[in-house]
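Notes follow once the structure below has been shown.
Chain nomenclature is as follows: A, B and C, assigned in order of appearance, with residue numbering initiated at 1 for each chain independently.
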């Protein structure tokens, strides 16, 4: 089955769209029907499919998760134990657990069956720049 | 591979079960073993597998998410930016990010391998009636 | 397609790793490339892929979910309706909805394409010991 690893470079917490790369992978495979699986090989970022029209949606999503799981140096987070890798590390693991490590998108007529407003995003939860690997797998 | 799009009509926020439609699709395909993938083509509703015995479980689930992510006109949500599509829109996107856009259920002997109490639900997060499209994909 | 049901015995809320069992299943199948799907047949526990280096990560994850969704006898949870099966039951359903019922991991050269620090876990949300069934399905 066709497989590919793509990398997304991140510059802080937020959503990074890679719908085009995923669509290009599927198109290149030249199959009619199938199932695209996306899998991210990290535990401090994750995957989400969200509205790709208004960038404020992505901004609000990140803000919500930041408010729900503040950095470890926030007074409300004094109960955390895993703090050695920086104040944004354990909150990043929690945000990853609250979202997706893998997503499957059916393919029809060689195209992803996404809805009109759906975009595929890497959801970065860490502050510093990272290079994130995502596996694309096209099965029948 | 067999594919089908089914529509679920919603009348406000809550869980709408479609286990029977999914089971009928799998049965009609007449395969022994396989993998059913469910994918919802929207970003303001989502998918979940939950207990289908006591309706209070579904009610409490919806209440929890309503309390965790109140409507935009709630005083606690003044930090939201994306509010043009109504007070329930951005919270719906957030609730969708917290749940699933796709779910995979293995099939054995032509039947979904669900546990005794598991039902498959569309989780509607918007207030007004909607017609929601879900892709069913049966792979090997 | 190769399928197997494995059982994980739990002794209270927390994360229980079963990466080795999943890897052994894939290895035994002897395929080069493919897609492993994990599916848990319950609604009061769930699946997650998380860091498997520092056990404090798993401890903090469980603590976060416990704080986000306290037991039904906590004063803040008086709005719950489904309380007949014990104070930890409805919170367990909510925690399951916030995490995953199914996860897909691509396979290459007969091995799971997990990142360096990724481990596969059953996330138990109930207090008493349980035996939890997880379906492993290896597709192309």
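By our rule, a residue touches a chain if its C-beta (ideal position, glycine included) is under 8 Å from a C-beta of that chain, and two chains touch if they have at least 3 such contacts.
Note that this is a predicted model, so its numbers are computed, not measured.
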| item | value |
| --- | --- |
| Partner chains that subunit A and subunit C have in common | B |
| Same-residue or different-residue interface between subunit A and subunit B, half as cut-off | different |
| Separation of mean Cα positions, subunit B and subunit A [Å, integer] | 20 |
| Residues of subunit C touching at least two other chains | 68, 98, 100, 104, 139-140 |
| Residues of subunit C touching subunit B in the complex | 1, 3, 37, 39, 41-44, 68-69, 79-82, 84, 90, 93-94, 96-98, 100-102, 104, 133, 135, 137, 139-140 |
| Residue ranges of subunit C in contact with subunit A within the complex | 33-35, 48-51, 54, 56-57, 59-61, 63-64, 67-68, 98-100, 103-106, 108, 113-115, 117-118, 123, 139-140 |
